[in-house]
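Each remark here refers to the structure printed beneath this line.
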Amino acid sequence: MQNKIIDLYNSKKPIINGWLHLPNSFIAESFGKMGWDSITIDMQHGQNDYQSSIAILQALQNSTSSPLVRIPWNEPGIIMKMLDLGVLGIIAPMINNKKDCEEFVSYCYYPQKGQRSFGPLRAQLHYGKDYFKNANNNILSFAMIETEEAINNIDEILSVPQLSGVYIGPADMSSSYGLKPKFDVEDKKILDNLEMIVKKTKKYKKISGIHNGSTKYAKRMIDMGFNLVTVLSDFRIMNDAAQNIVNEMKEIKLDNNKSNSY
Amino acid sequence: MQNKIIDLYNSKKPIINGWLHLPNSFIAESFGKMGWDSITIDMQHGQNDYQSSIAILQALQNSTSSPLVRIPWNEPGIIMKMLDLGVLGIIAPMINNKKDCEEFVSYCYYPQKGQRSFGPLRAQLHYGKDYFKNANNNILSFAMIETEEAINNIDEILSVPQLSGVYIGPADMSSSYGLKPKFDVEDKKILDNLEMIVKKTKKYKKISGIHNGSTKYAKRMIDMGFNLVTVLSDFRIMNDAAQNIVNEMKEIKLDNNKSNSY
Amino acid sequence: MQNKIIDLYNSKKPIINGWLHLPNSFIAESFGKMGWDSITIDMQHGQNDYQSSIAILQALQNSTSSPLVRIPWNEPGIIMKMLDLGVLGIIAPMINNKKDCEEFVSYCYYPQKGQRSFGPLRAQLHYGKDYFKNANNNILSFAMIETEEAINNIDEILSVPQLSGVYIGPADMSSSYGLKPKFDVEDKKILDNLEMIVKKTKKYKKISGIHNGSTKYAKRMIDMGFNLVTVLSDFRIMNDAAQNIVNEMKEIKLDNNKSNSY
Amino acid sequence: MQNKIIDLYNSKKPIINGWLHLPNSFIAESFGKMGWDSITIDMQHGQNDYQSSIAILQALQNSTSSPLVRIPWNEPGIIMKMLDLGVLGIIAPMINNKKDCEEFVSYCYYPQKGQRSFGPLRAQLHYGKDYFKNANNNILSFAMIETEEAINNIDEILSVPQLSGVYIGPADMSSSYGLKPKFDVEDKKILDNLEMIVKKTKKYKKISGIHNGSTKYAKRMIDMGFNLVTVLSDFRIMNDAAQNIVNEMKEIKLDNNKSNSY
Amino acid sequence: MQNKIIDLYNSKKPIINGWLHLPNSFIAESFGKMGWDSITIDMQHGQNDYQSSIAILQALQNSTSSPLVRIPWNEPGIIMKMLDLGVLGIIAPMINNKKDCEEFVSYCYYPQKGQRSFGPLRAQLHYGKDYFKNANNNILSFAMIETEEAINNIDEILSVPQLSGVYIGPADMSSSYGLKPKFDVEDKKILDNLEMIVKKTKKYKKISGIHNGSTKYAKRMIDMGFNLVTVLSDFRIMNDAAQNIVNEMKEIKLDNNKSNSY
Amino acid sequence: MQNKIIDLYNSKKPIINGWLHLPNSFIAESFGKMGWDSITIDMQHGQNDYQSSIAILQALQNSTSSPLVRIPWNEPGIIMKMLDLGVLGIIAPMINNKKDCEEFVSYCYYPQKGQRSFGPLRAQLHYGKDYFKNANNNILSFAMIETEEAINNIDEILSVPQLSGVYIGPADMSSSYGLKPKFDVEDKKILDNLEMIVKKTKKYKKISGIHNGSTKYAKRMIDMGFNLVTVLSDFRIMNDAAQNIVNEMKEIKLDNNKSNSY
């Protein structure tokens, strides 16, 4: 049992994270062979649920990418069920204050570190008999920082000792400040927050991650100091690339029609 | 009830066909908004089956793309079930001679044109009370020409009056001649076959279609005279584009690591 | 193990058959409590497949209605899989001659009566250890008579000794004669065929069944001598009744709108 | 993006609401063509969940009926996931006081109106790029008033400014007062509550809705002043109508048996 | 409607409980014929969810084993949905104090005993028209006692009048005290707790249940005074027995290889 | 790409084959870790279909057990779809003569060896770019010999050069001779057939396999000379072991009841 994210973080290398919006284990299997450092199943804004995650995690079993999950909300039932399936990290949306954060991390870890319930059937099948012994040290907990409230409470959130890191949702953070929600934000207020978060996470020795809409912006975030960057998602990548093909063929078609004599 | 493929064919415009390998109705819904002229559910080499096709066809219901299906094999049960769901065309693999072709088209059409059984519950819900009256004129039957045997029997296949057109599988045609199976073939033997098929289909007033691995080759096939061209599939498009993102981020990472001091 | 259809047939009582178009086990469970003598899972024009049938048959397990299935086509794979699940009868579409019929019945029965393969896991769990001994005597095979060809070959079809009975598809029979496909047919040609079939089945001691679109016509068919009558399907019943409710509420709404002052 | 319920409410016309208990997208597709003004997916007492709702909403995509959902409980995870799928309204059970109601509406709307998280993938695909701009004005939030506690707190609940309306569960309201739970209630206590709620909702300019067991009672509720009325559900409609057919056939059978001589 | 657990408890007989980890209705159907007194669907550490439970409960419908469910967490939505499906008892994890327990039982019972919402569609179809009248008396609520906190609060938990009983999770209780989580515990601290719980449940007239890893330990727990004992689960039973077969065959193989000359 | 069965056969070691009746990928994953040399997905008498096989094969991806499938019937559509998913062998039921066998093997291999169609999406993802080159040499074709007709035609079946081996269904073979179908047969006629088959397969250099109901009989078959032996199935193993636990607990209960004083 080994979490590649921890290794990369310790060796100060950036972590490139893939994102699964679609509940399809064959897409997951192909992602598992591409070289992502970690792959996140999105259960919040993505279309995954518990059942679809079983096959997805099985499809990722001989990938070197660490499996993470973004849960729909900070609720113990689904967090523990996903950990039992063998994910190595939880990204929890809308962690806005210390209480949110303390509850969240308590669900992620076995006692005494937390209150996670024992029964990791697939996790134990996959990681072996020592799963219980190793779980608390290898499972990562990421609090999403995506509201003005969270920004204001950033120190008390980062002070929670069991928390592994934070993950930035730029769209929600924008929306929280009354800005239009989007990725790859250029608004000064948000960029200042990102700089501040990078600085604070280094101070508190936490991992920092952020969602991006392009490789270019993701690289910029790495340069800014973020440890983990996500680029788009399976669905967005497919959608954009397929639309480009239609557009390319349709332009051809228009040109072609002029002289086409069949 | 109207089949866009027929309209485009009659107005001598190329038909750009999308291809669904993955059994996911949300991908289908997004494909339905991209502007493809037709969209094919692949049940042969793709991962679709009857149940996944129900939601996919519902997800395509207000798209202008005509829904087609490639069936696993030339068998009446699945052909009629898919027509009942409302597809407007069937692509049948491995039609190698007149007998194959006559059996195939008999499954696609109501008597007297064929022997299709009546009971089009979703088709009638979607296309309305006149479905039975309009079905035979709007449903397309495509025989896949993909073996040396089929090439040798091309005239007897194209002579079957109910047949709407042919669809070329370049990979299987290559494999049939002892060549490595691939798309965008450059082997003279295969290219000669393609030229011959285009000529023959025009003579017999049939639609000609072909599967391609790139927009460039697809355009070339349109120029050669093919009426309908497919470019890749949802899965291949996603897979290639996602791999490019990883590659791009990983190169960055290597460069970045040199000077990265976080 | 007991097939209620056989008991009713032997005591000369009509058999009222329910019809499941929809792949939903809760609908099946409710049908199982209504008092139908038999209930047919429709895999041809209905949306059921093998997987949906497992839960449906489990949902019918303490119903007194005998479970039947209409298969998509006369193919051994699906016939034997459905028998393994515990259905007590197979309705096969488009049996047009002696050869079709002999192949069909051979798939339904264990040797020496036929060539059914042994491995009835759910059937044995449900009906008990004696399943093999009792299966051949309790499973019914119904050939659908629905084409002009089948009418012309009716004697050779009914002469096949293992065949239990016939089931009439009035829509396809109409379509086969160039008439508009529908239930509750009044065309003389078709009605004459029905009379003839009733007479012949009595002569050959076979069960006769027919699909109907109304209780009134179904009663008429019982009076004509049919042993088993189906009335509509789960979907059609729901659809018609729900549409009536909308219509009734919308008329009210129109009247109501005139004087409505809220 | 347009919510038919809002149009009808503004033009003072009654809203006739259909109800989907069963997790089946083909039933949904048929409901979408019947003329209901809105259609509600029931995730509380119905058998729907998140995955079944994807195909149902796709099947409703070219219907003019506004899609609503009744969630299992007042929880942010599932509310936001359903909104991301494109429902135009949420019915939340057991809203008993101001705090319940304020939390509920906060989950339904983007900031500053609420705390909904951004990521509406299917909603944006379906409604277009302006979804974020239009969502807060078109999404409806209905608090179920179904307990004595809620009745006692009706003013504080209706005072929550973001709340769009209330929906009455007559069975639970009866049960809360120690009466037998049922629809189409005649108990004076409950009827008085209904009158009071109609009056209060008009005062607070909120939409009022109620669940009914018959068209007759639903019309009476419209006359009483309710804006939105539901009549039964897909399952109940099917179940009652199918039972009637069995009953009708079985009476015939009894009569018929007397003189039946075949 | 009759709950076998209550009958056995009243006649002072032990209750042997089966445990379904796997979301498979055919396994459930086979368990339903084995003679277990009750069968529990595990939604917490097992792989069941709401949809898989529908078919499982249907598959158990003519079993004499009482159907129970262990829910993922003490949340009203899922508790009420499972009761609507017809389970006769809820096992709730991690009930640590009086407040947890009072909330839990309030979700299980109709008013005035609790706040359960009315709409038991499958339960009423299965148990009949009197379901509402009988539900509160036949549904059992089990609080899992599995933490040091719960042990310390055992009297206040057992004092909640609506609570039917407790269920012991020995693995979590061990983990809570800093011991390695396992079944069939021998640690004195835990055994003392078990003795204490048996004594207290008898005093408060509650049912006591416990999860076991072997028949031997389960018998010992019956001797200690526990009323209900679970032995392993479908998955563990299958896994252990299948591994034994491989081991047996592989030993043979090794021996055999020496002299094998084919 | 490597087929463990071929390695073991070449080194004259017995092949111990596991059998998956149940369509559950978690059972498959656990089987993949037990040490079976090969694991067969049963689509004929088992409850697997195409969709369930996707997740099962993904769950087996880092197992050393070679994945096989038993198809429902000798039909090209499903054979090619399963090969595309990456199975390394096909077991075809009811191969009774040379024609059956020649058709069967033609579906399993790419030209010129056969007529398999190209498009192995998952197979290529899993086994790599060389899949096409290696497939024909690594995929095994097993003809089931299970009727008197097949026994009579054994030489012409074994003479088909592309055929890899035979697999014996003792239950069907018994049934074919008018005997009661069962495993672990002792009837002289059947045992003589088994001896004959072992001898003939060695002569024709084909692999011989057989289904068994116990480890004892399986060992005896290895001693007789069979190369591949199956023992029971996931379901049977689970069912027998679970029934034993109930029986053991219930005997205890009876004894215990006498002196039980709680």
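So that you can tell them apart, the chains are marked A, B, C, D, E and F in the order they are listed, and the count of residues begins at 1 in each.
FYI, a contact is a pair of C-beta atoms (placed from the backbone, for glycine too) under 8 Å apart; a residue touches a chain by one contact, two chains touch by 3 or more.
In this text the structure is predicted, and so the values were computed from the model without any measurement.
Set against the C-alpha centre of chain D, every other chain centre is closer than that of F. For chain E, the chain whose average C-alpha position is most distant is B. Centre-to-centre separation of chain B and chain F, using mean CA positions: 35 Å.
Once the centre of each chain is set as its mean CA position, chain B and chain E turn out to be 52 Å apart. Remark: chain B and chain D have CA centroids separated by 41 Å (rounded to whole angstrom).
In chain D, the positions touching at least two other chains are 23, 26, 30, 47, 49, 51, 54, 75, 78, 121-122, 235.
Of all possible chain pairs, the ones that touch are A-B, A-D, A-E, A-F, B-C, B-D, B-F, C-D, C-E, C-F, D-E, E-F. Those residues of chain D that touch chain E in the complex are listed here as 21, 23, 44-47, 49, 51-52, 71-73, 75, 78, 93-94, 146-147, 169, 171-172, 175-176, 178, 180-181, 235.
By the touch criterion given at the top, residues 12-14, 16, 18, 22-24, 26-27, 30-31, 34-36, 47, 202, 215, 218-219, 222-223, 225, 227, 229, 231-232, 234-235, 237-243, 245-250, 252-253, 256-257, 260, 262 of chain A touch chain B in their complex. Listing the residues of chain C that touch chain E in their complex gives 25-26, 29-30, 33, 54-55, 58-59, 61-62, 121-122, 125-126.
Here chain D touches chain A in the complex through residues 49-51, 54, 75-78, 80-81, 84, 110-112, 115, 117-122, 132, going by the rule given at the top.
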